[in-house]
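Below: a set of structures, written as structure tokens.
Note that chain A is present in both complexes that follow, paired respectively with chain B and with chain C.
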Partner chain A sequence: MSARRMPRSWSDVAGGLLLYGLAAFSLLVLVAPSLVVIGISFTEKRYISFPPEGFTFHWYWAILEKQQLIDAVGVSVRISLAVMLICLAIGLPAAFSLVRGRYRGRTALGAFVVAPQMMPGMVIGIAILFFGSFFAFRQSELMVVVGLSVFCLPFVVRVIMARLAGIDVTLEEASSNLGADRAQTFRRITLPQLLPGVLAGAAFALIEAFDNLTVALFTASPRGRPLAVELYQLVQFDSSPIVAAISTLEIALALIVVLVLARTIGLERLPEK
Partner chain B sequence: MHVVISDVDKVFGGTRVLKGCTLGLERGEVVSLLGPSGCGKTTLLRCLAGFLVPERGEIRIDGTDVTLVPPNRRRVGLVFQSYALFPHLSVFDNVAYGLTVRRCPRREIAERVREALALVALEGFAERFPAQLSGGQQQRVALARAFILEPEILLLDEPFNALDAKLRGTMQVELRKLVKRLGMTSIFVTHDQTEALTLSDRVAVMRDGIIQQLDHPLALYDTPSSDYVAGFIGTTNFVRREAREGHVALGGGLALPTAVQGPVQVVLRPENLRVRAVREGAAAPFTGKVTFVRPLGATVEYEIDAGADGTLRVVDLREALAPTFAEGADVAVVVRKPEACAILPGEPTR
Partner chain C sequence: MSAGVAGVVLTRGIGPALPAIVYLVVFLVLPLGFLFSFAFLSVERGEVQAGSFSFLHFRETLSDPLFWRVAWRSFWVGVVATLLCLLLGYPVAYLYSELRSPLARQLLLVAVVAPLLTSAIVRTYAWLVILGGRYGLINSMLIDLGLITRPLRILNTDYAVIIGMTQVHLPFMILPLIAALAGRDRSLEDASLALGASRVRTFWRVTLPLSIPGIAAGSAIVFALSYTNFIVPQLLGGGNYATLALQVYEYIIVILDWTEGAVRATLLLVSCFFFVFLITWAGNRAMRWTEARP
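Our next item is the complex of A and B:
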């Protein structure tokens, strides 16, 4: 037996078509540049050009021969892990205070905490650089971590807050009524429900800190550059497709993280940037 | 007394929601809390469970002041009005929760959860999640989750409101048996008078943050302390009179003895009245025209327009084969047992 369907009106059909059209367009705009980059990474030519010619993994092997790129990956991994941990360590308690707290100025404080979200990364980078110079705090890995934490924190706080606000407080009351103490209630009731928000925030901080250029450009020291800065330098002096190969790897990495998150918590809960 | 709530005030943003609430429960007693929506029933239970700290007054359990004891150390079970099931846990884990946090052995948990689910007729639902249950099923999970810990004090906030009539009937009986078997002192909130009168040893009528009266169901019916309580439990006729020199004159030579002076309301329950034909020389307290007849067989209900005393409702026992009075008939209304009429001093407060 064929499935029965509700009759559809003309406006439904028109709306549906419009939606598909917009989606297709967005996909094109978003995905096309990535496809170009991925294509170039396999070219046999010695410089960046489109369309690619031939097919080779040469540029991927070439990455391994550039020690400064390998070092830069190490720096970026360290930075992004540190930023993620800092954002969670500050973001989680901050979100709790902002959602559950009962004190004057809570709303104002909330606005203040998420305000840097409006700030371009470049502004944050320059500000930290100048501010640091007051205390003889120089460009360094630590300064990048500080800058990126400031940059990422509002997003992390916001996703956790959104999730937290959706949790019914009576569930926690029910838990304590059944004999659980605060720690047990947090671990068994609050945290499991908060987890999608925490994971989404962590993933955001991780990805953003890994490939951020604008903040890192001003705060990284010339020795020990993170990957994004290293690549930026590279394209200025070297137009070999090696940059495309690295970008392709980054795209793959981001895709894997997003897929894992989508599988575990659902895409709709990821923070939009 | 097992549980004593004395003179408790709770204020929300400047509004006093509980206004000197006082209530005492004997050990093992089942008390139902009856009152209109918004009168503070849930608030009172939340104070007892420890989620709210009253601004004034104290709560004692077994003589110990627990007003400031945190909820998880009170051993007061609460079935929430909104169920408050944990959405990320299965029915089994929801019911097992209290035992799990107490680090009960797994074997024992499995056994007791099985029993608890059987009690609420939910065997076979253990693996489901709350979102996959109907409202009534969720409510029963909430009940099982509270019962399983066998708390000394059990608070139930409208525990049956989502159940159909048949299930509600069985659950009421099961609940009463269980609570009595385990000797739990319980308070349950309900909007259903019949439920309150069937289930409980005593009934507390609440109004506007105050317990108006706490008494046995029949005492509440026979000797209400206020017109509010009289009107809340069952149907009632109120007639207003003046009390003078130890008597209230109802009319037709009928005088009720009373100790009060001044304006009073006399509570006339419909089944304490009788309709009869107007007869020369036989005085009656009320006369009027029948405006409505509901012939139910064993009883006949009348509404009678009694002039200044308003509409009187009468439930008349019908003798076999006796005819009823027709609408529009002139009749007299007499009181069967004058001594059963409650007399409430003062003007109406309803």
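Our next item is the complex of A and C:
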């Protein structure tokens, strides 16, 4: 460690300044847009402009007057809950089999299940739209759920697999040696250790399905649009600060989720997966 | 319930994985087959013509100079956004790996992860406000400072699209870089410093080569996301702006020409995988090259 405290040359100082200067700039670029949007949402002007003038909650009340937005939130909540449940119901057993199974081709199968995460959402959406056209399966809430569960499943399986691979099997063996049956061992030994992975997977599916536009744009019916699609229309055709107000609510929701994740799983684990 | 789950969960067989595999085959592999086949078949009056299999649609698209102009733009916009993400993301990941205080680390991660949890529209919308016409943040600031008299045209140009892409995809670059840098073995750096190498030299010769896997992973993700993103070009590029991904959206949703949409989607997907493969391959080569270097 003493080497790290040696006198620095001017080029080291310049290099350090450049590095930390760029890091500060980049953090500003990450955070500033959200702050700008939050500021705009309270403006008294009727069009988006910066800096905001005055202070009003008018645009938040305006959201409540747009019935199609309220409906869209309901659609999105239903879709994201369904997607999360499907992903957990088929993803959790799959992760167990793909990590603990003893059969040939297990690794290849794991690669097959995780591979679709490289697939752009747009391609998944279009593929399911075309596929449905052959079976009189039309754009609908159900089609969005199918598309998004395909889109989210690889991530959910991967997160749970990563967690499962890190669990010490000897604890489970000890539990069954001490007379616990399989159900008890699963409930009291495996599940508690696995929970952070399951929570992370569930949170991911829930948030992605709620926010997703790339899949939903192709699979949602024009009646009963999810919030993301509704917002996409609004951003293009409405220049009032109402979009800023909705965005601010979404940013607040995201911050709450981040805090919950930090408390339950620890954000440090996110880069690992 | 729990007894049933445990009974299944502890079996060592393929059984528990089957529902997921069947689901992906039915709702991903099969639909992709339909998507690709649309690019080869002809449709007349809403009916797919049996036996019309041909490369005709591909030949027409590939011989269109306009297609190549649009494809080239998609490519270089993706490349520039990836390089900018690397330039901006690396210092953040490095800063994270040097931070000692757990609180500072947490705060940095919140700044990186929180934007990921807001929708793509919210993040792109912010740039409409910042870059937008006369009343946008940048123009009103520059005018107030007296640097310019007439608002600059940033929105609806390549610049706006590149800025938007870079910011929206920055977290996807930072996370793999953090994974590569935070877990690195520091003894090599200490050895290099102890042997009298400067910090800058130590960074170039030791730290940077160690993080090549993170650089390759981040670049592959960011390029793939930028290359296939149609929301940012749609919102920040303006009415006449075209990228390959945006054209796919327009052919399928606006023009309702599914054949041409399928052709372009197939070309987009195949070329995207090719470039991702190229980046991964280059990363592996660079890895071996630095290991072999004296």
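Details
Just so it is clear, the second predicted complex is superposed on the first by the 244 of 273 C-alpha atoms of A that agree within 3 Å, B and C clash if a C-alpha of one lies under 4 Å from a C-alpha of the other, contacts with A are read in each partner's own complex, and residues count from 1 in each chain.
Note that a contact is a pair of C-beta atoms (placed from the backbone, for glycine too) under 8 Å apart; a residue touches a chain by one contact, two chains touch by 3 or more.
Note that this is a predicted model, so its numbers are computed, not measured.
When both complexes are overlaid on chain A, chain B and chain C end up sitting side by side without clashing. Of the two partner chains placed by the overlay, neither chain B nor chain C lies in contact with A:68. In the superposition on chain A, contact of A:175 is made with chain B only, not with chain C. After superposing the two complexes on chain A, the angle subtended at the C-alpha centre of chain A by the centres of chain B and chain C comes to 100 degrees, rounded to the nearest 10.
Of the two partner chains placed around the shared chain by superposition, neither chain B nor chain C is touched by A:264. Which of chain B and chain C touches more residues of chain A is settled by the count: it is C. By the touch criterion defined above, A:192 lies against chain B but remains apart from chain C after alignment on the C-alpha atoms of chain A.
Of the two partner chains, chain C is the only one that A:15 touches; chain B does not reach it.
Looking at the shared chain after the overlay, A:243 reaches chain C, while chain B stays out of its contact range. With chain A used as the common frame, the shortest Cα distance separating chain B from chain C works out to 13 Å. Within the complex, the chain A residues that touch chain C are 1-4, 6, 8-9, 11-12, 15-16, 19-20, 22-23, 25-27, 29-34, 36-37, 40, 47-51, 89-91, 93-94, 96-98, 100-103, 106, 109, 112-113, 116, 118-120, 122-124, 126-131, 134, 146-147, 149-150, 153, 157, 182-183, 185-187, 190, 207, 211-214, 217-218, 228, 231-232, 235-236, 243-244, 246-247, 250-251, 253-255, 257-258, 261-262, 267-268, 270-272. Interface residues of chain B facing chain A in the complex, by the touch rule stated above, are 49-51, 70-72, 75-78, 80, 82, 84-88, 97-98, 100-102, 145-146, 149.
Within the complex formed with chain B, the residues of chain A that make contact are 168, 170-171, 173-181, 184, 188-189, 192-193.
The part of chain C that touches chain A in the complex is made up of residues 2-3, 5-17, 19-21, 23-24, 27-28, 30-32, 34-35, 38, 87-89, 91-92, 94-95, 105-106, 108-115, 117-130, 132, 135-137, 140, 166-167, 170-171, 175-176, 178-179, 182, 190, 193-194, 198-200, 203, 224-225, 228, 230-231, 234-235, 245, 248-249, 252-253, 258, 261-262, 265, 268-269, 272-273, 276.
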